[in-house]
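The structure follows.
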Amino acid sequence: MKYPYSKRVIEHFRHPHHMGRMKNPDAVGVAGNPVCGDVMYIYIKVKDNRIIDLKWETMGCAAAIATTSMLADLAIGKTLDEAEKLTKKEVADALEGLPPIKMHCSNLAADALRDAIKKYREKHEN
Amino acid sequence: MKYPYSKRVIEHFRHPHHMGRMKNPDAVGVAGNPVCGDVMYIYIKVKDNRIIDLKWETMGCAAAIATTSMLADLAIGKTLDEAEKLTKKEVADALEGLPPIKMHCSNLAADALRDAIKKYREKHEN
Amino acid sequence: MQVYLDNATTTRTADEVIEAMLPFFNEKYGLPSSEFGHSMGIDASDALEQSRKTIANYLNVKPNEIVFTSGETESNNLAVLGVARAKGKGHIITTSIERLSILNTCRHLETKGFEITYLPVDKHGLVSPDDLQSAIRDDTILVSVQHANPEIGTVQDIKAIGEICGEHNILFHTDASSSFGLEDLPMEHIDLATFTSHLIHGPKGIASLFVREDITIKPIFFGSNNEFGIRPGFENIPGIVGFAKAVTLLSKKYVEKMRKQRDHIINELTAIPHTYLNGHPEKRLCNNVNVSFSFIEGESVVLHLDMRGIATSTGSACSSPNLKGSYVLEAVGQDPEVSHGSLRLTLSRYTTDREIEYALKHIKDVVSKLREMSPFKDEDTFRKMAKEEHK
Amino acid sequence: MQVYLDNATTTRTADEVIEAMLPFFNEKYGLPSSEFGHSMGIDASDALEQSRKTIANYLNVKPNEIVFTSGETESNNLAVLGVARAKGKGHIITTSIERLSILNTCRHLETKGFEITYLPVDKHGLVSPDDLQSAIRDDTILVSVQHANPEIGTVQDIKAIGEICGEHNILFHTDASSSFGLEDLPMEHIDLATFTSHLIHGPKGIASLFVREDITIKPIFFGSNNEFGIRPGFENIPGIVGFAKAVTLLSKKYVEKMRKQRDHIINELTAIPHTYLNGHPEKRLCNNVNVSFSFIEGESVVLHLDMRGIATSTGSACSSPNLKGSYVLEAVGQDPEVSHGSLRLTLSRYTTDREIEYALKHIKDVVSKLREMSPFKDEDTFRKMAKEEHK
């Protein structure tokens, strides 16, 4: 089986990490839309400006699922400032690359995380 | 081997009858031309207005060779009047048919025979 | 277990077909280059004409009405461009769910001054004969409507369409590649028809175009005088022999078997909540199942199934090299969020009941796992979010 | 004994090639329909790209410069029509001894407002680079000159021709089907080149067109976006795999062997009185012998030889379905009465010395038998009669 995806992508696709809905998240971020086929919800728990837990739900292709799973691994334990700077490229690199065509359309997890952080800050700055 | 020719044509092509040059013919008829690829020479011996011997030489395709050979079989023994009336169709029928495209271009033996008879008559009417 | 359920893309070449072709590769490998040539060429010529006769007999048409081409794409181009070139100008009617080889040929002809009407289809993918009737103009030169759609399986009423064309004296072409051997085709109402080999367990790279004897079309490329002057080039004899052999293996008994299997699959899958059948509930190819699962995306379904040995396909944009979703699902009015979750299963005579049970079990499991992962659990939220982003 | 000496018409598919193709008929029978589809499709896609790479490597070009088509005829059309369509108008230069797929395509283009120059050839079939030089105009868009002629075997000076085209910035296409694997081709001087599979012991129904990366041509038919957008339609994967395998089997050692055999045959046959070698004495394909025997006609030679198990061909009008003689022999200025007596023997890597001895013995015997039957015994009478009837 020689998929157009790296082994890493396939691993995360088959056995995603931190997948699921969070009971009482501190914030929820969203990216993508059903019309395009990829939607990510990212739920975070924050303590001392640090992401201590992250869960997610994704509708999407293998790249969408794998990038969300990868992002979860990368984000958990980071401060909000650090996590906010996570880029699509870092996620893709951690996955040993993505097919070029999938770089921008399905690799939306970092956007969803930024959205969650933004919402968290809005709530807590008020 | 399923050639576009009847068995009869192939038989005459492989083992032509009465083939060769005649030593002292009473007349020689010619049909066809080297440019078109088919040339027949027909040599006849005549006695009491009857063809008592016929030989021929042909440059040409299988149809040309077979029709000359067949014509020889048909003409020998016939009176000049009878022989003159031999048609291309009769020759082709005796060969169990010819491919349509070969009916007119290679089936020239009857013409060569008529030419021989004409020349014979010219010589003997003078 | 390996289960191949993508028989609308291509089929396995039957062992009998391979056996029939083999001698033409390294024993009887001649070409019919000259009528008055050597035996090897004459044998090739005989094989060619015998194959033509076999296919013509199956279709109940004349051998000289069967032209061999390199594939469905070439046959469709030869039909549409061939008529367009013979007529010089005019109006062509087709549908919005034709193959790309019809649609893109029509688009090309638009740049050359031809006018094209793309008939819409209803939610089941059916063309309305009334729509056709009203689209016809004085200068309409050709109607091209596929027999059955390879994606959603909808079978058109070719008899009604052919009769309308006949009344107006307009040439009628149908791409019958997807229905060949599966659905009867009323040849008497058809002027041109495409049939391809690789969808009936024949080899790839060979197809035919039926061209009614009294019709003049112009070739789309030029060269030697083969195939009644309509298609130049040396003949692919092994391919042609294999194609003809595949035609002799067609049988109604397989159609019956596939129909039962299809109905069973449709029953099982539509019993899964939030699942929709695409295409027509009755006027449908015996080997086609196409459903959409809300809340999930098709590429992941196909990939998960493939990892379990099951080959399927989807109309999801994420699965296509240009990220465009299925234009067929769009044409039947399916919302894009739902068509992302489409899954097509297409059967062949070789598909066994055991394979189907295996596939059904895994499809249910994969759908349920992916839905667990999905942020959407109810249609309202799902549709509302799609609508918002549509604005 | 069966002796096949018609390898310029088509060749036997190599056993290694058949073996390489077989799994793609009934095991790996998928099609590369989707990049993000199932494994069977991905395997097909890999086989396609691997085959493309194999052929590109052999030619020392880039894989994305190799486009697969259904045959020499389609490749030649794609080259000439593809350039003509991209440019819209202009002047094209070709030769009087090209394949029909070039000549008839050019004739078609003449009806569309393109102007064509058909360069003459000398008595050996050679195009003069000077003639090409003087034929070039400001609006010349394409030069198409075959590498070698399949009938008389003459090999053109492609480097000189390509250099002239390069200096004038004119696209240069060569049909290299007949020379593929037999003669080196200076790819660096070529913009487009046709290579076909069935002449190198690969399967029929598959060929390729080399299109230099920086060149834009337009497709000749329309559909899906395969083959870099130049050639739509599903790929003939078994054919492509077989073609690539055939390329890997090409070897200089066969060329050496055939050259020796060819020279031996030419020596033996030209020792027969009133026999002429057609084509060039040195610049000639290693597998081509073409002679004319005065006083006899080629169809009868071919037929007699066939009955003795020897497959050959002739340029005689009597052997062709439309009774037209070889336009190639006409172009080299051969009198029709002599070209009726032409006989072509073309070798392959599989041709053995024993087969050649057998063929030579029978050719001599048949020629002598037919000459015995012929009314002509000397050139004078023969030529005079032809001249008279020419008037």
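Per-chain numbering from 1; labels A, B, C and D assigned in written order.
The rule is simple: contacts are C-beta pairs under 8 Å (C-beta built on N, C-alpha and C of every residue); 3 or more make two chains touch, one makes a residue touch a chain.
Note that this is a predicted model, so its numbers are computed, not measured.
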| item | value |
| --- | --- |
| Which of A-D and A-C has more C-beta pairs touching across its chains | A-C |
| Centroid comparison with chain A (C-alpha atoms), farthest chain | B |
| Rounded Å distance, chain B centre to chain C centre (Cα mean) | 59 |
| Approximate Å spacing (C-alpha centroids) for the pair chain A, chain C | 40 |
| Where chain C and chain D are represented by their mean Cα positions, the distance between them in whole Å | 35 |
| For chain C, residues that touch 2 or more chains besides their own | 35-36, 39, 299, 303, 306, 318-319, 321 |
| Contacts with 2+ other chains: residues of chain A | 1, 3, 61-62, 101 |
| Complete list of chain pairs which touch one another | A-C, A-D, B-C, B-D, C-D |
| In the complex, chain C residues that touch chain B | 35-36, 39, 42-43, 46 |
| Residue ranges of chain B touching chain C (in the complex, touch as defined) | 1-4, 61-62, 99, 101 |
| Sites on chain D touched by chain C in the complex | 4, 6, 9-15, 17-18, 22, 25-26, 29-31, 33-41, 70-74, 76-77, 81, 99-101, 104-105, 107-108, 198, 203-206, 220-225, 232-239, 299, 302-303, 305-306, 310-313, 318-322 |
| In the complex, chain B residues that touch chain D | 1, 3, 13-14, 16, 19-20, 30, 33-41, 57-65, 101, 105-106 |
| Touch list for chain C against partner chain A, complex | 295-297, 299-300, 303-304, 306-307, 316-319, 321, 323, 325, 336-337, 340, 370, 372-376, 382, 385-386, 389-390 |
